[in-house]
């Protein structure tokens, strides 16, 4: 009966973000919020584990004022209770701030057997949160899991890496980040949606976490953001001799490390 | 603070990291210390510009478990910068070290430089919609993906190598490791694609593309017309708005015009190359390199040239 | 006043969209081509509580309210209006039983309908001039115990798949529509003969057929509502249904304008995407505007229904609006996509045929404008 915690982020749907043609800046004024895609997989995985092994899932999220819009969404997907931290610091938090806040909150919330995260958030995709939380809490960490099971007190995961799949097992509390292929998040049924308002949520205030001001200052600061516009080199070889063109192309490919 | 640290469990990537490290060294005038997993790897790194190389010798074969050892090395001399190869293992190690150092970390940095006493990096956001600049105070950690940089040329002097014995992470037990085979078509996993269009006159002519793909160690892909109309290749290989979307390092488009519906499936390829005999084909505007010519003439020549 | 959906309504819409993407998008084209009733999809709809959306919790429904309902219908319609039609016709039948049924009738039919084990159909139309009038009109002759039904019903959606039909028959041909009475008829009742499936222009996959009733014997307990009270029941039920159908029109229109806009951004002519040409901008703007305003009007009508307030005028307004401008949304978006979009491998031709089936007026004699004018003059 593992006690599971899943951490999730409320992000802007990147499909709604537009690039302003004048200066390539981003316009996210019309962007709707969503639970980050990979976090949905983490929530689903926690829900599946608990359906199989018993136990319950708590959820934890740290964000700005919009984070309250995520609570029922989260609770309709399996967790029994959601803890939320709504703070202005989340607006420009980097991975270090996020991990400091989440780890401090988890220390307050109690012991968990499994702490699940998505492999990265759908907006920044830093892919750091799970490993950072584990380091701060002194827990082992298993990243990029595409399969997860729990027996007794042992978590067994299969990691999908570039050149292999490796099985690992950990006894005792562990932080795990999951890949999107691990499962297909449920489409909440109407009763699950309507049942969400009956489940509890609890606010945790940043002021109560015992963090120092520098823990809430980002160490990686975003200086500028620009929309991506396809710009290609357009180096076209039009010699009359095909052999010449081929030789030039080969040199270009070599310079790109492609042959 | 002193020291530009470089680590990857994959020594080929580790060597590539030396290139940005050498650039940073010019601004910071600090030594480059590479961390390696074997003496053989260490010697290669020492020959390419690492001032010092520390071999982390461990009984454990699980590289991820060396994160603490990496942290110990970086923190003991208060390194300014740590560059880690952005493999999946590397990202976990880097983030662990960053947390212990209370440091900022840039994931998948595309460019790196020192500005105003901080590490300035660029990277991608919102699934490719945007790019951003991130500035990190020291100690700064950054992961860099394979093939973002090329390995530097050999350096004049070789760096010093030392070996330290370190522990792994005993809390995690490694089980069965299954190497990933190359069976089955996975267009999305291919790092190089040769994509064919209807510039080829008949199905048998695709052999020219197959030979080229073999020389490049690439997979074959195609346009909608080739898959759905001509049935020369299976649907799984069709790239386009209602087919697959791919992001290979190389997308070599042969005999295809480059219509928007097709290009939307491959526009994030690192390098796009076009071979087409129509100079006005839209593919050339979307390509980094290209040859205007007859594919029947160009492909055999290119295959031979690449085979060498 | 608040134009926003509540959180629950928004999340229900999100589930409907995710459902549409996962279950409807892969089958929409084949469903339209072959017209085979999508049994598995209907089962999946039931599993997600969509078929019991309006029904109370004590019969296993989700009791989510009418605003959530139209949100679901709009979202499902973006992917397959044919499937949304199946849901609509089933739901209107269930709604009618919920509103006018006795406790026993509700207990007998609604739990199965909420679970999707029992599909509903609504048999009101006839080939004659109006229900209750004409040689084939469905007549319910009073017997010692119950009624005997003889006659024909036309254009019954879900015909052949439904397990129970809400059927309107006249108890006295001399009185015609004034004696219209509602009955609940099980599909396996002796004498109920579902005719051949009609080939319709669109919404293929939602079966439509005539149903002939040959000496169908019904007990008293099959009577729905009061004797001769059928006209009032059908008027209200059809008014509610018209709001639900409007949601289909809006969903189809939304899908069409999104597809046309994406196309216009990509299609390059004269060196620029056609989305920069004024003619195209005008077409897209008009469709987007009509769709947006229709959605607001439809949500307003839905809220009135949910709150139990008078809604018939607002329902007539949205019906009238979309009868005029619904198909225009597809005419305009087809114009945007031009020859490229005219191919059957593209979605607009199917949406064009589908939308035409969602904004048909029920009875030319009782056109919505009549009700609207009467409300102000």
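Chains here go by letter, A, B and C, matching the order in which they are written, and residues are numbered from 1 within each.
Note that in this section contacts are C-beta pairs under 8 Å (C-beta built on N, C-alpha and C of every residue); 3 or more make two chains touch, one makes a residue touch a chain.
None of the values given here were measured: they were computed from a predicted structure.
Peer 1: Which chain pair has the highest count of C-beta pairs that touch?
Peer 2: A-B
Peer 1: What chain is most central when centres are computed from CA atoms?
Peer 2: When every chain is reduced to its C-alpha mean, the one closest to the whole-protein mean is A.
Peer 1: Going by the average position of its CA atoms, which chain sits the greatest distance from chain C?
Peer 2: Between chain C and the rest, the longest centre separation is with B.
Peer 1: So what's the Cα centroid distance for chain B and chain C, whole Å?
Peer 2: So the centroids are 53 Å from each other.
Peer 1: Between chain A and chain B, tell me the centre distance in angstrom, where each centre is the average of that chain's C-alpha atoms.
Peer 2: 22
Peer 1: Could you put a whole-Å number on the gap between the CA centroids of chain A and chain C?
Peer 2: Distance between chain centres: 40 Å.
Peer 1: Which residues of chain B touch chain C in their complex?
Peer 2: Residues 260-261, 264.
Peer 1: If you look only at chain A, which of its residues touch chain C in the complex?
Peer 2: 69, 72-73, 76, 187-191, 193-194, 196-197
Peer 1: Residues of chain A touching chain B in their complex?
Peer 2: Counting only chain A, the residues touching chain B are 14, 17, 19, 26, 94-96, 99, 120, 122-136, 140-144, 156, 159, 161-172, 174, 218-228, 230, 232-238, 242-243, 245-247, 249-250, 252-253, 256-259.
Peer 1: Tell me, which parts of chain B touch chain A in their complex?
Peer 2: Touch list, chain B to chain A: 62, 64, 67, 87-89, 91-100, 102-107, 120, 124-137, 140, 147, 150, 169, 171-180, 192, 216, 249-250, 267, 270-274, 279, 284-294, 297-298, 301-302, 305-306.
Peer 1: For chain C, which residues count as touching chain A in their complex?
Peer 2: 7-8, 11-12, 14-15, 18-19, 22, 47-50, 53, 62-64, 68
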